[in-house]
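Residue numbering begins at 1 within each chain, and the chains themselves are lettered A, B, C and D in the order written.
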Amino acid sequence: MPTLYNLIQGRNLDRLAALSDGIFAVAMTLLVLDLHIPLPAHVHSERELLAALGALAPQWITYGMSFLTLGIFWAGQQTQLNHIAEGTRDFTWIHLGFLFAVTLVPLSTRLLAVFITYRVALGIYWLNIFVLGAMLYWGWMYAVRTNLVKADTTDEVSHSICRRILIAQALYAAGAALCFVSPWLSIAVIVLVQLNYAIAPKFGQS
Amino acid sequence: MPTLYNLIQGRNLDRLAALSDGIFAVAMTLLVLDLHIPLPAHVHSERELLAALGALAPQWITYGMSFLTLGIFWAGQQTQLNHIAEGTRDFTWIHLGFLFAVTLVPLSTRLLAVFITYRVALGIYWLNIFVLGAMLYWGWMYAVRTNLVKADTTDEVSHSICRRILIAQALYAAGAALCFVSPWLSIAVIVLVQLNYAIAPKFGQS
Amino acid sequence: MPTLYNLIQGRNLDRLAALSDGIFAVAMTLLVLDLHIPLPAHVHSERELLAALGALAPQWITYGMSFLTLGIFWAGQQTQLNHIAEGTRDFTWIHLGFLFAVTLVPLSTRLLAVFITYRVALGIYWLNIFVLGAMLYWGWMYAVRTNLVKADTTDEVSHSICRRILIAQALYAAGAALCFVSPWLSIAVIVLVQLNYAIAPKFGQS
Amino acid sequence: MPTLYNLIQGRNLDRLAALSDGIFAVAMTLLVLDLHIPLPAHVHSERELLAALGALAPQWITYGMSFLTLGIFWAGQQTQLNHIAEGTRDFTWIHLGFLFAVTLVPLSTRLLAVFITYRVALGIYWLNIFVLGAMLYWGWMYAVRTNLVKADTTDEVSHSICRRILIAQALYAAGAALCFVSPWLSIAVIVLVQLNYAIAPKFGQS
């Protein structure tokens, strides 16, 4: 039996949304703090500056990938919260767990940018994406089970929300597994999956 | 007798909530800036990378603990503000004091991560948690005394809000006192208390 | 034919606005992190401190210019969103692309401050401004084509929004092209164009 | 004659408030990034850790002072915006100028913490506070002149808002002028003025 305090806690979905927007905004912008610019001492001409910027390619790629990751999960969380009528204490804490994983994205990005050829770094990056998806899935399952979902949300919408997470996670896992062939191939596949969800919604989505 | 300016100041609870969400969001995400990744020069194999990440355990533990701390007090402040009908200048400044303590959490976390075996570092971390609780308690007491609380808030709810803070602070103080036995034991107990409030609301709560 | 999930995604313009405000707020404040203060070891008198601060002029100029850039595009996005009735998934992703370019402003600013006499650095800074304008223009074109614009928005308003972006971008491009004469002249012209839009709306605006 | 675009720009006060809350939240939390903790190599006992923390007193004082500064001006801006019915393009840019000064507070704080005995550093810190007050005053004057103020705002309220800024700025200027006697005295007086506005509203306020 839940206590009184736990009944009155975590009802305010607006504040959960505001905290989420704030954390996503900071995480998306903090990624840039880890991007380095060439050292002036190494650059003596326009051509050398261009070459030095080109040599920083791994950090640009991981940066772009992480912004896509955050954008996709921000949109996913927004879609979920749009269909929730009211919060509870436990629902709030599931989403705080989700936000915890969001704050770790800049860190796993930095790890991947520095150790881009290491399977361990790629595995941790994938684990971060997996936890993001798992928390969102848990949040929706919990909301359905405890009747937090808005009355006008059809079963079709509910299934579509779950299926979207499961298919995306299957594709990410397949992409991450390719790191046993080549880390670069693995990153390329993950970025392609992300671009598919961000730009060209024609494949594997329902 | 309050002056006119003090009467018109600090009425807008929405902006106080927005500022709070912003400060919590930044503080939660800034914690990650203090997490270091292994230096590439020290890592020559997948196994070494895993080992190097494992050696950074103290910073992971303090990071997780601080995210829990911030999550607990964010939820606590939200619950309090949900029951307030309108703000006043003094109520706003009590909460600005609370937010001041929130901005110090990343700093006391960094201190604890670096000096994890020092009682002084643990004491300062506990003091930070204590001030957070004390400001929230003061804010509620003030709101009750000056009739800022919403009309539909029962005495039971009000008592439950106070009791929650007092019991939690008693448990934190007991946990912190254990640092005279062992700092690690102390941290373990504080994390257990926090997990109890975040995950398993079955014990010592009302 | 869009799938069900894509129909229910990205509807919430309020959260898009909140994420945008957060990202602009962080980007505007992060710029300051790249501003350095003189080293104490080099300063032995009040006069030397003033001189050392004066020597940091390039960073002050690029900082001021970037705050103006962010302010102009924040106001521009706000004006656009004020005239949109509801969002769609694709509209959201166009604006996430816009926000991606916003997060890059602190980085291209840092590059320009360090390599202020290099055409490559100025070219990248201009490219950043160009992408900001192009995404806003694309967003408005898309909203008009897919009937997301509010019913009370006249054609005149719509033309005025487009013309504003095109004229501003033409002026920025002309300013950037002057870097083949002199990078300093180029920066001066860009700042003048920005000040025109921020302070003295008397010229080239409709 | 204002152009059409300038008429439709900057109407949304909610987004101005959200951007302001974001910038204040980041600035308040960023201050902490400049606080250093003692180096582990210099600390070998509990007592040495306490002593090392005590030696960092100047940074704690400037940090506390800057949080007070930001809190006071956040409350001041909130009070002003609460009495504004709708925004205009020019009103928005006056407040963007105000926010520009807000983003500089962490920088002038850092300068003062490092050069705490220099009059130039104190003068720049005071200049920052002066610009904050001047922009708020200008914003209110502009709003009154162009009829943006809400209909239910009495002349008394309007005078009280202006007088508050003028008296506070006179006290800050007097405090800053004391730096010709002693920088420490000057800082002490400024902090006392701030505490007066934050905590003990009994003196010099109307």
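Here is the rule we use: contacts are C-beta pairs under 8 Å (C-beta built on N, C-alpha and C of every residue); 3 or more make two chains touch, one makes a residue touch a chain.
Keep in mind it's a predicted model, so treat the numbers as computed, not measured.
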Discussion item. Spelling it out: a chain qualifies if it touches subunit C and also touches subunit D; which chains qualify?
Written reply: A, B
Worksheet entry | Same or different contact residues where subunit D meets its copy subunit B, judged by the half mark | different
Response to the item:
In terms of mean CA position, the chain most removed from subunit C is B
Practice prompt. Let me have the rounded angstrom distance from the C-alpha centre of subunit A over to the C-alpha centre of subunit D, please.
Written response: 36
Worksheet item: Where the CA atoms of subunit A average out and where those of subunit C average out, how many Å apart are those spots?
Response: 25
Response to the item:
Shared-interface residues of subunit C (touching two or more other chains) are 18, 21-22, 25-26, 30, 33
Worksheet entry | Residues of subunit C touching subunit D in the complex | 17-18, 21-22, 24-26, 28-33, 35, 37, 40, 43, 46, 49-50, 53, 67, 71, 74-76, 78-79, 82-83, 156-157, 160-161, 163-164, 198-199, 201, 205-206
Item to complete: Mind listing the subunit D positions that touch subunit A in their complex?
Response: 22, 25-26
Discussion item. Going by the contact rule set out above, which residues of subunit C touch subunit A in the complex?
Written reply: 2-6, 8-12, 15, 18-19, 21-23, 25-27, 30, 33, 89, 92-93, 96, 99-100, 103-104, 106-107, 110-111, 114-115, 118-121, 124
